[in-house]
Amino acid sequence: MKDLLTLEAQVNRFNAQYAAALDERRFKDWPAFFTPDARYQVQGRENFDRGLPLCLIDLESQAMMQDRVYGITQTIYHAPYYTRHIIGTALVSEVTDSRCQAQANFAVFRTRPGASGGGVSEVYATGRYIDRFQFSASGSLLLTHRRCVLDSENILNSLIYPL
Amino acid sequence: MKDLLTLEAQVNRFNAQYAAALDERRFKDWPAFFTPDARYQVQGRENFDRGLPLCLIDLESQAMMQDRVYGITQTIYHAPYYTRHIIGTALVSEVTDSRCQAQANFAVFRTRPGASGGGVSEVYATGRYIDRFQFSASGSLLLTHRRCVLDSENILNSLIYPL
Amino acid sequence: MKDLLTLEAQVNRFNAQYAAALDERRFKDWPAFFTPDARYQVQGRENFDRGLPLCLIDLESQAMMQDRVYGITQTIYHAPYYTRHIIGTALVSEVTDSRCQAQANFAVFRTRPGASGGGVSEVYATGRYIDRFQFSASGSLLLTHRRCVLDSENILNSLIYPL
């Protein structure tokens, strides 16, 4: 079983890579952070706390994530915006030889470029990731489940890109 | 004496656990991050920088913290809000066999749920923790003093929950 | 060659010290985070992404940084403000015996003290550091190049202090 602080450093690194992919708009890289049958959910805190199932986004496989990427890059008509993720230190638990759980606080900022957007950076969403990771044979991490539990009930404009 | 980077990883973990307890509204767990005779202070930067004693909150023992928790959960009438802490990397100094000092930047976001609150996440307070830690026999950390020095002079509405 | 996670912990520590110097207004300490011939740039994301050279700030040596510090502390007339940096986990790459590259997301918050400023903390700028580091003989880090790539196109009021 891995040393906990080392494993947390690995999860922090994973989260920084995940953030970099989204914030640099390398959306096609995003599904590769997950296993083929992984789940990705964005859920309001109110529903999460009450154990209610409704999510804003609920993708049940990597293929659905790829479809979402196709949507946000090719078909959805929306005002463009940049994101910037700041992710807190991950807390790892339930470590076995092949899996662990983790959670980390996040704040995502949004900047709408150009004259219409104003170009000012704003708080877009805050919340926490509640994650299940799987270790590959080489020891690297892949998400089997990422749940983004949002404090924010009211997302500025709309939620297009993954969190 | 402990390795500095390892100790900083431990403090980062401590701060993540501290943030999780507050952000998940497990307020009763909050005093347990401190020693029985610990001090918890929230102070404006202006007073801190000038060495002036006035604080917004100044609790002189774990018992006073428990009393504060009773207040915020049972007696104070206020509009509810969620918090989300994002805490930067801790800088540890003055390490001995039994103690160390640390500081870390923080940003706390606030979301007021429900129709009246609007549900948008906002910057609530920014500042830094200036901390003194004590190591327990098992090597775990406890705060003997946490000073939250606020940049923010004007807290949105009021300061109810600990930072 | 250094262990990657250890090196990332060192860069995180460096960034926390860098943030502390600026946020505590120890501006005279700021050039010492760089080598004598280092470069410091603040550039909009739009220009960075297109490979265009224009920067908001482009300092080509430590001496120019010292000159900038003289300007912001002695000559520029501006409304005072506090900054608070929250810097994400650094991602290190291209490690050799004497150098490495790194990047890290940042969010900088601003608080304008006093009656005219309102004292509320706001998002000031978000973006990422794209860095080149050099290892000293003792193994400590110095920047040879820090590029601050801003999401924000519209800085609140003006950009006085380094990011």
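As written, the chains take the letters A, B and C, and residue 1 is the first residue of each chain.
The criterion applied here is as follows: a contact is a pair of C-beta atoms (placed from the backbone, for glycine too) under 8 Å apart; a residue touches a chain by one contact, two chains touch by 3 or more.
Just so it is clear, the model here is predicted, and its values are computed rather than measured.
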Task: chain B against chain A, contact positions shared by both copies (same if over half, else different) - done: different
Open item on the list: Only C-alpha atoms count here: how many degrees separate chain B from chain C in terms of the superposing rotation, rounded to the nearest 5?
Closed with: 120
TODO: Give, as an integer number of Å, the spacing between the C-alpha centres of chain B and chain A.
DONE: 26
- [ ] Enumerate the residues of chain A that touch no fewer than two other chains.
- [x] 9, 86, 107, 123
Task: Residues of chain A that touch chain C when the two form their complex - done: 6, 9-10, 12-13, 15-17, 19-20, 23, 82, 84-87, 107, 109, 111, 113-114, 117-123
- [ ] Under the touch definition given earlier, write down the residues of chain A that touch chain B in their complex.
- [x] 5, 8-9, 45-46, 86, 88-91, 103-107, 123-128, 151-154, 156
